[in-house]
Every structure is written in C-alpha cells, then in structure tokens.
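In what comes next, chain A is part of two complexes: it sits with chain B in the first one and with chain C in the second one.
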Partner chain A sequence: MLDLLISTLTQGLIYALISFGVYITYSILDFPDLGVDGTFPLGAAVTAVLLTRGADPWATLAASLAVGALAGLLTGVIHVALRVRNLLAGIITMTALFSINLQIAGSNLTVDRGTDTIFTAPLTMSLFGGLTLMQRKLVVSLILVVLVKVLLDLYFRTKSGLLLRAVGDNAGLVTTLAKNRGVVKVVGLMLSNALVALGGCIVCHEQRSFSATMGTGQLVYGLAAVIIGVSLMNFYAASPLARAMRGAGALRYLATPAGTTAVIAGSILYKICIQAALNAGLPANMMKLATAALFLLVLVLSGRKGEAIIHA
Partner chain B sequence: MKKIRLFAALLALTLTLTACGKEQETTTPDAPEDGGDAQKEMYVIGISQYGEHASLDNCREGFLQGLEQAGLVEGVDFTYDYQNAGFDDNIATQIGQSFSAQDVDLMVGIATNSAVACFAAAEDKDIPVIFTAITDPVQAKLDSGNITGTSDKLPVEAQLDLIRQLQPNAKTIGIIYTTSEPNSVSTIEEYQEKAGDYGFTIDAVGVTSQAEVTQAADTLIAHDVDCFSNLTDNNVVGVLAAILEKTNEAGIPVYGSEVEQVKLGCVASAGIDYVQLGIQTGLMAAKVLTGKASCADLPYETISEYSLYINSQELDAMGISIPEALAGKTVEADAA
Partner chain C sequence: MLEIRDITKIYNPGTVTEQCLFRDFSLTVPDGQFVSIVGSNGSGKTSLLNIICGSIPTDGGDVLVDGKSIARQKDYQRYAAMGRVYQDPAAGTCPNLTMLENLSLADNKGRSFGLGRGVNKKRRDFYRQQLQSLGLGLEDKLDVKMGALSGGQRQAVALLMATLTPLRFLILDEHTAALDPKTAEVIMELTDRVVREKQLTAMMVTHNLRYAAEYGDRILMMSRGHVVMDRSGAEKAATSMDDILDMFNRISLECGA
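Our next item is the complex of A and B:
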C-alpha cells in the first residue's frame, strides 16, 4: 500500500508540471490551449531521442523546455499574428505536432535500462543513492516540481508576470499601460508549453518510452487537476480556520495558498482518484466516463468563479 | 454551502474508491479455495492488456490455458489480477505501478505499450515480466533484463506465397499501416524486402489514426491494387469491417493476418493462432514462476507454426479457387 502511495504521488507530482502549463493558459490567460496534447509528447520525443543517442540526462530537461517554448511560440503566432481563434490555434499546433513528433522519434521509441535517466544519473545517485528507485523517483520529482513552483511564484510577481495576469483579467488595462497584449499572450503560451514539454520529458525518463499517442487527453487531465485543486483551495481559503489564520501575522501565508500549490494538490488528488478507481476494479472502458463525471461534478459544485479567492 | 457540498462529495468519492481498493487488495492474494493446499504460497500474477481486441483477448485466454497445462491451478497455485488499459498509455503506466505496489510475483504485458509500462514499473523490484503479442521485442528494447515472452511476428513469406498461389496474376499488394506502430513499420519493411522474390510490388499507405483508415483504403482501391494484405495493426484491424465493405464492392480480395480477420470476411491468411501463442507464453511464465528458469535463461520465442486459414464463402465471391497444391493444407476459419 505504501508503494502504491509513493508511485501515485510521483505520478501526481510529474503531471503537476503539465497542470502548471494549463494553469497559465487556461486560468491566467483565459486561453484554452489544445496544443498541450501535442507539446506533451513533443517533450517526450525529444527526450527519448537524446537519451538513446547518449545525451546527458539533465540536458534533456533544457532541450524539452526549449522545444516546448517553440511550440508555444507557434500557437501564439498563429493566434496573435494570423488572428486565428485561440481554440483553433491550439488545434492546429496539436495536429502539426503529431507529425513532427513522429518525425523526431521515427516511431514509438523505448529507452533501454542501461541508459541513465535523471533518476539514475550520477548526480542523483550521489545524493540519494541509498534510496530505492521508486523512492528516488518521488524525491527527484518533488524537488523538480517545488523548484518550478517557486520560480513560477517569483515570476508572477515580476512586471512581466503581472502583465500576464492582467491580460486574462482585464485586457483593456494592458493596452492602457501601453503594452502589447499579443506579445504578453505569446510569452504566456511559450512559458506554458515549455512546462508541458518538461512534463513530457520527465514522463519519458520515468517510463523510459515515448509513444505517439501519449498526449491524448493531457489537456483534459491538466484542466481537471487545475479545477479540482483551485476549487479545493478556495474552499479551504474561505474556511473559518483560514480566516482566523489570515488575521494572525506570520500564519497568514498559510491561509491563502498560491495557485501553484493548488495545482499540485489537484494533480495529486486526481491521480489518486484514478488509481483508486483502478484498484476498485473499475473497467478501463469506463475510466474516461468516470473522469468526465468527476470533472463535471467538481465544476458544478465549485460554482465556477463566484467569490473565488484564488483564480480558476 | 456549495463549497461544503463540493468538499463532502469529493471526500466521499475518494474514500469510497480507496475503500473498495483496499478490500479487493486484501482478498485477492490470500483467498485459498476450499480443498486447496492452503499452506502453500499462491503466486499472484498481474496481467496488463493494452485494450479490448479479439487477438489480445485470445492471448490472455491462451496464457491462462498455458499455466493450467503446466500444472498450475487457478485459485490453488495462482491468482491473477487482470487490468485493461483501454488503449490509454497513462492508464497502462498506472496499472504497471499498481502491480508493482501489490508485489505481484509476475507481470504479464499483452501488446507492446503495456509490456513497456510493466517493464518500467518492475525495474525497481526486479519483478519478472512476460510479454506477448509484440512483433519486434528487439526494437522495443524488451530483449534483455528480467523479461521474456513471445513475439507475434507475422509469417510474411508464407503470406506472400499464399497470395501468389491464390492469385497467380496479381502484381500489386496494397497495405495500410499506422506509422507510429513500430510493429507495423518493421513488418512493412519485411514485406518490401521480400515482395520482389514472389513477383509483387507493395503499395503501402501510412495512417496516423483510425479515422484515416477508410480514406487510405479508398486510395489503394483508386491505385488499382490487386489485393489488400493486413498486418496486425490495431488501427486497421479495428475498422476492418468498413474496409471490407469498400473492397467487396470493388471486387478486391483482402488477406488477413490472423484467424479472427478471416472469420470477419477476409479471404485467407497465413496467420498465427493467438490462443496458441498465449499457451506458449503461459508455459514460459510457469517456468519462471516456479523457479525452474529465470527470464534471462529463456530467450523470447516466436511461433514457428502457422496455419493457412480460408473463408470459402469469400473466396467464392471473389471467384478464387483453391489450387491443388494447397488442397488439404487449409483450414476453414469458422471451424478454427
């Protein structure tokens, strides 16, 4: 049971990277970016090719961030410069990436056990060599996700980050500030897709494989994680406990968790739900229906925006 | 108020699901059948199948028969946990991990993606993995480590020979395949390599999803191919009925890659029997489970025997008669 908890937590953490990306586009920019379904396998494809060619495992992280940002740039340019509707811009990128991913990887690709991944690389072994592989996967994913979360939180406070948030909330304000909305959107899309590709990269390290179909449904996953996480955190932030803490000096930081924290919680909770459903013997054919039902339930019960303290 | 309802509902959902999970997990491994040898340890096998598919189902059935043939009795010597990923890679991953967490004695991966997911999940605990229904285990990097199994590599030469005998004047064979399925890509290469020896040229059309298959069939019909030959390509086999509708109208015979396809309406096939493949896999698994051999001792196996399955009704409709050289060597698919 403990093992299952460790591997489910690991999955939740790794997929939180994708949810961060979806959080930026869907929640902050108000841009439903279907390109995610193509960017996720893109990160995995690049990683699988680099790993099989003997590249340094850590270099694949940078490479997938870069190609992901390029994919975001593509969606951004299609939407902003060519004036294609946001939903369609994402669909175009997603469709194009399916071919591009296969061009990159050839076909589905497996990385053999002899090849080092970030979970077995010398640096990881020197730090956490005493742990089992399963525990190492959890620790490394946790460090990565927390690192990304902290960097994102810091970024949201910079001028560029504040502008990003303004575009989704009050686009007029950005124009009043004499800033180009289009450029801000493109930056947001690049950041989001870079994170999604990073997620694909880590999944490839963890699964030692790339498959052309692995991207299917990732946007839905990310959305579900974001909405579950944010709804729960809003519930928590509105609770008497959080209200009391908000008045109590140092504790006030705990009272209003950051959106990124909510996303991590949502991702983990969602993976736990899927694992629980699998363990309960729910037939695989019913899984998507159960996902849709859970998704709808959370959306309806959370009453959408309402008096939300954290953005969803 | 709404928020409280949300929280309660989510909590209830999670709790019910985990509660069910626990219950199942504790009852499966230690539920000795009456009269069974209750003292003996029962092997727990985790079977991960990539999706619902007649050939893959046959593999699983055969696998269980193979275990029984090796003298292992279900409920006495072993229990199994069968999970199906519904063709979803992410679910396949979680299935593998849940098997690893349950500390199963052996994982079985049916079809490439499930086998790869099991192998990744088994790495930590070095749980042996047995695969089946994989065309090219070497390309999938499943040929070394604590893993072995059976390959469903198609008897391509036998198929080419069969087509030559049934259609002496045919020149072009049309094949539809999915570009992302390594199994299909490697089989297409073999077809192209060997087609010349039998006087054929191959007209291969690649697709990326099931939705494109019928269009690819139209393309091949427009190219005036003399016949179609199928691979064990999941996307293509999944819409075989729609392909057959088009080819029957155009009067083009379609050759299957295994018996289920011939039952569905292909004219003939030099194909393997997936139940037989499953049995062979089950026998290998029994050796590994009982400690008679380790995966490292057992190189992966291909099935060497194939049968020539025919569908007389469809052959008649296409005006093809069985030449004397083949008389008595064919098996009617409905009877198989």
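Our next item is the complex of A and C:
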C-alpha cells in the first residue's frame, strides 16, 4: 500500500512537469496547444536513444528541453508567421512529430536494466544511496519538480515573464507597448514545449521505455491537472482560512499559493484519482476512457467548461 | 508632423459588399495639435486612426511622420512613438495583472523585456504620485488586479499607461464613450491636461459634440470618407456645439438617415 502511494506520488510529480507546460500555454498564453501529445513522446524518444547510446543520464534532460523548445518553435512559427489558427498549428506539429519521434527512436525502445538513469546515476547514488529505488524516484522527482517550479515562479516575475502573462491577458496591450506579440507567443510556446519534453524525458527514465503512442491523452492529463489545481486554489484563496491568514504577517504567503503550486497539487490529485479507479478493478485498457470521463467531470464541477483560466 | 497622403481604403474588395471608404484621402496634422474628430457611424473616423496606427492595411497611399514614410512599419513598431486609448476600458490594461504590474509594463516601454525584475519597487512612490494626480483615490490600489477596478478607473490607468513613457502621438478612439457622464468628464480633463503638459500631437475620435467643441485646437467632421468640416485656431475657438450639431444634422440628411 505504501509502495503504491509512493509510486502514485512519483507519477503525479513527474506529470506535473507536463502540466507546467500546459499551464503556460492554456492558462497564461490562452493558446490550446495540441502539440503536447507529440512533444511528450519526443522528449522520451530523444532520451531513450541517448541512454541506449551510453550518454550521461543528466545530459538527456538538457537534450529533451532543447528538442521540446524546437517543437514549440515549430508550432509558434506555423501560427505566427504562417497565420494558421492556434488549434490547427498544434495539430500539425503533433502529427508531424509522430513520424519524427519514430525516426529518432527507430521503433519502440526499451532501456535495459544495466543502463544508468537519473535514478541510478552516480550522483543520485552518492546522495540517496541508502534509499530503495522507489524512494529515490520519489525524492529525485520531487527535487526536479520543486526546482522547475521555483525557476518558473522567478521567471514569471521578470520583465520577460510579465510580458508573457500580458500577451495572454491582453495581446493588444503588448502591441501598444511596441513589442511584437508574435515573438512573445513563440517564446511562451518554446518554454511550454521544453517542459513537456522534459516530462517525457523523466517518464522515459522512470519506466525505461519509449513507445510511439505514449503521448496520446497527455494534453487532457495536463489540462485536467491545471483545471483541478487552479479551481482548488481559487476555492482555497476565497476560504475563511486563507482570508484569516492574509492578515497574519508571515502566514500571508500561504494564503495565496502560486499557480505553479496549484498545478503540482492538481497533477498529484489527478494521478491519485486514476490510480484509485485502477485499484477498484478498472482494466488498464479502459484507462484513457476513465481519464476522459474524469476530465469531463472536473470541467463540469469546476464550472469552467474549458474557457480560458488565467493564473493568479 | 503627421501626414496622411492619398490614402485609399476599400473594404471587401472584389465582392458584392465592396465599399470604398477612402479615395485619395489626405490630412496633415502639425506637431502639438490636438484634433477632435466627429462624424456619424461608418464615416471613417476609426478607420483613419487604424490606418495611422497600422492596425489595418490600406489599398494605396502613404502615412508619413516628419516627411518620412512609416507605411512599411508594422503596428507594434509604430507604437514606439504612439500611445493609444480605446473605447473599451478593458482594452488598455491587463485585467489579471495588478495595477503595479500593469504600470511596470508601461514604464518599461521602449526598453528590452529581459530577465530583469519585472516590478521595480523603487518606482512605487513615483506610480503612487502619478496615480494621486488623477484624483481618483487609486494610489492605494497598486496591488489590486486591474479587473477589479471600475471602467472609469481602468480608463484613467490606461491613459496614464499610454502616456507614461516619452511619446509624440496620442490616439484616442472614443475613449470616453463607455463611461458615465461624470467619469467621462474627469477622463476628458485628464486627457487635456496630459496633452498640454507633454505637448503631444493628439487625435481624438468622439461622439460627444460638446467635447469636440470644448477641447482641442482643431475640429474635423467626417462623412463617408470625406472631411466636411475642418476648423482650427480662432475659427475653431469660435465654433460652438450648436454649429457642430447643425452641420451634423445637415450631413445626416444628405445621407438620408
């Protein structure tokens, strides 16, 4: 039971990386980027190939971030320069990536037990060698996700980050600030897709495999995590508890959690729900159906039905 | 000097709904002039502003600043020297950013948006002072999200943001139309003050004939893509609201409206 909890938490954390990406496009940029379903396996494909060729496990993180950013650049250029609608731009990238991913990996790939991943790399072993593999996965994922969260929070407070938030909120204003809104959108798409590919990379490390179809449904997962997280955060921020804390000095920071914190919470909660459904006897083949049904339930319950939710 | 030279603008070219709005339309606005533009719906007022700002393409002609063409510049490039306030109070600010964040964005116009801190805490006092001068009690709401403010408050901040950094041209597109009469008055007075203080070249489209008569040092009345009244200086000063209304009724009758 404890093992199950640890593995579910680990999954929730790893998939939070993908949810961060979806959060940037869907919530901040107001850009429904379907390219996610192709970028996620892209990160995994590059990682699987590099690992089987004996690359340093940590280098795969940088590599997947880079290829993810390129995929975002592709979607961005299709949308901004070629003026294709955002939904279609993402679909084109997703479809193209399906072939590209297979070209990169050759076929579905398995990383054999003898190859080091970030969970068994020398650095990890020297720090957390006393833990079991499962516990190490949890700890390493947690560190990674917190690191990315903190970096994102810092970025959102920079001038560039402020402009990114502005372009999703009121693109016309960015134009009157004498800035090319298209460029700002492309930057956001690159950042988002880099994070999604990083998620694919960590998943590949975790399950030691790449499959061409592993991307299916990832966007829905990310969206669900974002919507659950942001809805809960809004609910919490309006609660008497949060209101009381806002007036209580140092505690006021706990009263208004960052959007990225909400996304992590949403991702973990969603994984728990799906795991619970599997435990209750749902066949694995039915998982995507359960994912979709749960997403619909979240949409209806949150009262959002899919319109843009801009972060706090 | 802002110059619009022989502009042609055709909507829906090559279709049954083709409509020629401007044919060889020209207009010259000297530096520091405050132009009020009135006219019925569809007379070309807003299209004129959009052509100046590069928001819509034209079918010929040129837009020049100090004799140099800016027709090939993209809209965002033109805004380097221009500020614009729209009719919709929500259009000039970001509703989900705080007022401080909005002002910080506007304050950084003309510089690069890199990885430096988005909000400069040292500027807080400057923003407070600017907001105080609006006289709307906004100086204590720096950390409030723009979306939580009223239309008038948002429009005042939008005006402040549009004119926070050095600029030459201020484009006002019916910017008091969505406000209640009292707030509209406040915004109009603020506009006049900022245009005088910063010696801006301003073009204001308005449906309020009284504002057109009272403010600005030139009045243009437009009808179906033509200027039917153009008075400036002493002649403008002598023009009353009734004169404008008379002219307005006359052109409306000609249109059969």
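Keep in mind that, in the parts below, the second predicted complex is superposed on the first by the 297 of 312 C-alpha atoms of A that agree within 3 Å, B and C clash if a C-alpha of one lies under 4 Å from a C-alpha of the other, contacts with A are read in each partner's own complex, and residues count from 1 in each chain.
Methods note: a contact is a pair of C-beta atoms (placed from the backbone, for glycine too) under 8 Å apart; a residue touches a chain by one contact, two chains touch by 3 or more.
Keep in mind that this is a model prediction, so the values were computed, not measured.
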item: Partner chain in contact with A:Leu232 - chain B first, chain C second, else both or neither; value: first
item: Partner chain(s) touched by A:Asn180 [first = chain B, second = chain C, both, neither]; value: second
item: Partner chain(s) touched by A:Thr158 [first = chain B, second = chain C, both, neither]; value: second
item: Chain B or chain C, by number of chain A residues touched; value: B
item: Which superposed partner A:Ala166 touches (first chain B, second chain C, both, neither); value: second
item: Chain B and chain C contact sites that coincide on chain A, given as residue numbers; value: none
item: In the complex, chain A residues that touch chain B; value: 1, 3-8, 11, 98-99, 102, 107-108, 110-113, 132-134, 206-209, 211-214, 216-217, 221, 228, 231-232, 234-235, 238, 269, 271-281, 283-285, 287-288, 294, 297-298, 301-303, 306
item: Chain C residues within the chain A interface of the complex; value: 74-77, 79-80, 82-84, 86, 90-97, 101, 104-106, 108-110, 112-119, 162
item: Chain C-touching residues of chain A, taken from the complex the two chains share; value: 155, 157-163, 165-166, 169-170, 172-181, 310-312
item: Sites on chain B touched by chain A in the complex; value: 2-7, 9-10, 13-14, 17-18, 20-22, 24-25, 51-52, 83-91, 93-95, 97-98, 100-103, 112-113, 116-117, 119-121, 123-124, 140-142, 144-145, 179-182, 185, 208
